[in-house]
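Both of the next two complexes hold chain A, though its partner changes from chain B to chain C.
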Partner chain A sequence: MMNQRPFLHGRRLLTWAATALVLITLPMMFTQSFAISMLSQMGIAIIFALSYNMLLGQTGMLSFGHAVYFGLGAFISVHTLNAIGDGTFHWPVTLIPVIGGLAGLFFGVIFGYVTTKHSGTPFAMISLGIAEMVAACSLMFPTFFGGEGGISTDRAAGEPFLGITYGPGVQVYYLIAGWCFLSMVAMFALTQTPLGRMANAVRDNAERARFIGYNPTRVRYMMLILSSFFAGIAGSLAAMNYELVTAENVGVVASGNVLLMAFIGGVGHFFGPIIGATLVTFIQSALSNYTLAWLLYFGLFFLVMILFAPGGIASLITLHKDAWQVSQVRRLVPAYIAAALAGLIALLGLIGLIEMTYQVETKAEQSGTGMSLFGIAFDAATPTPWITSAAILVVGGVLLWAASRRVRASWTAVALVINARRSA
Partner chain B sequence: MEFFLVTLLNSLSYGLLLFMLSSGLTLIFSMMGVLNFAHASFYMLGAYFAYQTSVYIGFWPALVVAPAAVAALGALTERYGLRTVHKYGHVAELLFTFGLAYIIEEIVHLIWGRAPVEYRIPAILDFSAFSIYSTQYPAYRVFMMLVSVAMLAGLYLALTRTRIGLIIQASLTHPDMVEALGHNVPRVFMTVFAGGAALAGLAGVIGGNAFVTEPGMAASVGTIVFVVVVFGGMGSLAGAFAASLVIGAVQTFSVGFDYSLLSLFGILGIQTNPESGWYDLWKVTIAQAGPVLPYVLMVLMLIFRPKGLMGTREG
Partner chain C sequence: MPAALELRAVRKSFGKTAIINGVDLAIEKGERHAVIGPNGAGKSTLFNLVSGRFPLTSGNILLNEQDITGLPPNEINRRGLARSFQITNIFPKLSVYENIRCGVLWSLGHRYSFWKRVGALKDVAERCEAIVDRINLRRRRDTLAGVLSYAEQRALEIGITVAGGPDVILLDEPTAGMSNTETADAVALIRSVTEGKTLVMVEHDMSVVFGLADRISVLVYGQVIATGTPEQIRGNKAVQEAYLGTEQHE
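For the complex of A and B:
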């Protein structure tokens, strides 16, 4: 698949120009402050998820501690910002992410030296151990980590430059968008370099990579260092966006979150983590407004993705692109509609059961067992809603099972056509 | 001396508990090459099931009911979860157990709430077994050790002296050959997974009331168990045993030492300046550093002996 075209050929240039245009115009379409702050979060998440995918997707290293570099980059940035505010340090605020990135890189050099001597499962466990170690340290050194409350800062501390103070949210959005665009281009360019190619080789077969004269440990180490640089940039932007960094930012939960983003988006494609970061950030802020059990729904969504679409959303997209090119998508549509309806029925039953359990077990003490779901008011202490929900779930489950067989049958037919066209 | 003996006994009971967890994890790892992230979640479920059982029927039935229920869940996990994602490779398997741990924690939140539940030591075991100098040593700790040791002996005998144990051992190293001899290797895998889950569940039953039963218990024990497995050497039962005792001792003993580098400087007569940036580091006591020590030990082990204490393979 190695192409001989120059790095910036026509279609690719168009894609990047479109990306830049979207980044510039988004805050003009969504002007509410919560929308701007969500867009800013998405930008940060995109950089972080892409930097994570340099490890998991490109080098095959499953890390459970990537937030260490994100969080430490954020802490160093906060201290830098505070030093700028005190007047003890002079540095343009726009370029603070450089410092955050270098901080991430520095810790990547230190921790990566230990972790990248291993690959596979041991690497995963060691990265988890390092993350726990840093998280435990964060409560031991309150001067640097700020203890339980974290460290706050003022992003408008620097000298205004051309009227830009970074006080208003929109200005921070454009700062994040600018860094996000630069990071995306840089990380994409890296996949095209010999190092990026060697990382793929190490992922696919480390032994063969060694045979042709490359040291897999060294490749992993370099990829980890570079990826912690970008994670540090993301952390730095997060510090400026929230003006507060706490020990949670280096924690295992934050590391797990970026893993979920990259995986749900799809680690096999460069654009996968971008989709994942956008979608997961959106789900997390939208769903948490509606239900307290949103983490459970989110976890179930993740498990379903692993079981049925381990390539993530990106692989589903490329799969359908193939079907589209041989104009076979219409054969899939009826089966998809059936599966979507059945899935919706099963989901309704499941949501009913989960929300009722929540009402009875957790919320009953404050608000009683009376509740309403989808506009229907009922009492969760009576058996009728339970039986109804369970029946809906069972019926939906059976229908879904039948529909999934239909989807599989349609796909078998479509795959035949795709293969026939390819070999023709 | 009194402090030392009491802490030694405490660290022993804690270390044995850790081994109940790490032994199951090690067996599952060496058999399927999968590190089960949800293993500590099974421990937590064991504690919660035991709490629920002890509310309805009592503590003693819980010793059997809770591990059995956890084992059933483990079997289902292997059969319908891991076996489905197996074809996608190790990363998918690892991520599946990661997602499962996530969901189990949320389900525990959903059913039992976020606060600790009142899972208490049964009244019949709530007395002091013997006294060391002036300290009354609780009988429940002794009971914990007895259960752990009985379980260990049972595990050892089952693995070395029974036919099933021999087939399991053979499947560890030569699954293809065992399959060729007509044994159902996938079912052996399921049995081992369920057995490991049952061990974790039993650890939860006896550990949940000795410590605290809360939704965060899986995360806090889980990473320590991983440290144990790495420290002892991946896939080595004997290594896991030694590492459990070492890590248990490190965690238990560190709590009791209230010395910091400042106290050392005081003895050596070095003056320190509270204004200096390193002062934070000097004043950290061993008790405060306790939570970090296991990870530091693990990192040191990885630098100087990447195989772990008794590991046979490296990565």
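For the complex of A and C:
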């Protein structure tokens, strides 16, 4: 029977083993310090985004203040690390995330008591209020929050254990990867418990849950406390990774960022936020090396996702899994190739316009209007590159419009097959 | 015999409008009791008061001789009273099996636990499978509740209600909007799941009422004008004037 399978049955065991293998081997494939640092950030972001999705995806709570638990966990961890460095406190550095997690949990107990009295829009508003309040506190209490400069630390402060000092980046990566793996397993296991299931029930229909013995407020409160624990772990790891925690870590921008990660990845599936956290971290750190306008591109990307894939990347994956199972993916490929080519052309035109605007508006005073894009040197003060870019954008746009009709037609055909197989 | 459910001088007003006007009613243990009455008589409001959805304006409600007045719905449910809803009220994005399981978990003591794996709970699985069979949704066990047919959703609604093994079951118009065959199936289902339990139901279909109920109460303008066996109600002059009579003219 389906529900009587053990927790680690064949396919699931394979998935977790593969995940562990990927976490272990990644830094062997990407050995540059830039890559290791990005991988570490991804691991932190994955824990944080998954903990956020315990609220949004699993319990239906849209929080604008989840970074409060991440940030406070980070601050407590930084102070703990400094106390270890001073010799006033003894604790293995490897287990600092336990302290960060408990700090997150502690503040979850306090703030969650207030926020989870309500659901829906009031919850969202109160969570924003708490975030603003904590952000304001961070400037009022400089001894704890370190004022504008934040609090710095030395992660190698503890006693070396088996030669591990957490000085080198790769050692921190493995610390993060280990905690990331444990947190992923724990958060997944939580979805399989009575509380995890009732969180879904409260998300879908809180009123009905009241008439089968459950108090929805209590379910939301407990989920928030547990999710704060994991957010605290993520914050703790961030403190060790950057060796610096600032007021920004508790701020609303950080809270918004984790929302974007969860949403882009897809809140309807457990693995969605993992994809979202990985992708968003990659875009943020890779793209920001190439262009000043990276936030604009990121915003556009988010907009396109919301408009065309509101269920996030995870929903796109499951959609294509369905098509794959009835061996219909090949019918989609030609339309996808056409759309990708058209999209690429439109994107080239768009990039040209955006980069030229940035050159003229922000860089002209220092470096003039001469620039180069895709290996072509030109002057952004002349009309030719503008006209060319605009023309490419228009042509690409028209082609994209035509290609999207083709994609839609192919999908209609595929959906018919999927539905026919299902009802058969 | 002690009453399973007792209403004492229950009143409910919304602003200045009195909807329930002093209802006294004693439902005996193990009986099937129907509440009938014209539209707007306050039948659904009465259910909402008993199940804790709305607070009373005055009066008392006793469940198994314990005062439950003012308790929240979840507390009342834990004391052994479960209800269904007139407008289907299920968990649309969960499967049929998961819907039933939500109704089972509390009653088997699993509460808010986050250290037990729900799939490994044998007691839960057994009870859920039995209920899936009982409401005839075996074929739809793993289907999302939101895509079931209307009659199937109504059956699931009853399944969720009885899943926790309540002593007192309140069904609000369980056959509303069903075809004749569907109604016959629903009546058989209600009969089977309420075996040995106390049932109170609001129902408009008189064939269902007279076929299922041991006793009937007639609610008109927020007051019970008569309570008795189906025969007594049929022969009651006041009832004929207020309610049954008007229907025969239609």
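Observations
By our rule, the second predicted complex is superposed on the first by the 422 of 424 C-alpha atoms of A that agree within 3 Å, B and C clash if a C-alpha of one lies under 4 Å from a C-alpha of the other, contacts with A are read in each partner's own complex, and residues count from 1 in each chain.
Going forward, contacts are C-beta pairs under 8 Å (C-beta built on N, C-alpha and C of every residue); 3 or more make two chains touch, one makes a residue touch a chain.
A quick note: this is a predicted structure, and the numbers were derived from the prediction, not measured.
Contacts of A:Leu295 after superposition on the shared chain: chain B is touched, whereas chain C is not. After overlaying the two complexes on the shared chain, residue contacts for A:Lys117 are found with chain B alone; chain C is out of touch.
Once the two complexes are overlaid on the shared chain, A:Trp91 sits clear of chain B and of chain C alike.
When the two complexes are overlaid on their common chain A, residue A:Leu226 makes contact with chain C while staying clear of chain B.
In the superposition on chain A, A:Phe378 makes contact with neither chain B nor chain C. Touched residues of chain A were counted for both chain B and chain C, and B has more of them.
Judged by the touch definition given at the top, the superposed model places A:Asn200 against chain C, while chain B stays out of reach. Of the two partner chains, neither chain B nor chain C is touched by A:Trp386. Legend: residue contacts after superposition of the two complexes on their common chain; A:Tyr336 is shown touching neither chain B nor chain C. Put simply, chain A touches chain C in their complex at residues 1-7, 189-190, 192-198, 200-201, 203-205, 207-215, 218-219, 222, 226.
Interface residues of chain C facing chain A in the complex, by the touch rule stated above, are 51, 53, 72-74, 77-78, 82-83, 85, 89-94, 97-98, 101-103, 105-107, 110-121, 125, 142, 160, 163-164.
For chain B in complex with chain A, the residues that touch the partner chain are 29, 33-35, 81, 84-85, 88, 90-92, 94-96, 98-100, 102-103, 106-107, 109-113, 219, 223, 226-227, 229-230, 234, 277, 280-281, 284, 288-289, 291-292, 295-296, 298-299, 302-303, 306, 314-315. Residues 56, 60, 62, 64, 114, 117-126, 128-130, 132-133, 136-137, 139-144, 252, 256, 259, 263, 293, 295-296, 299-300, 302-303, 306-307, 310, 354, 357-358, 361-362 of chain A touch chain B in their complex.
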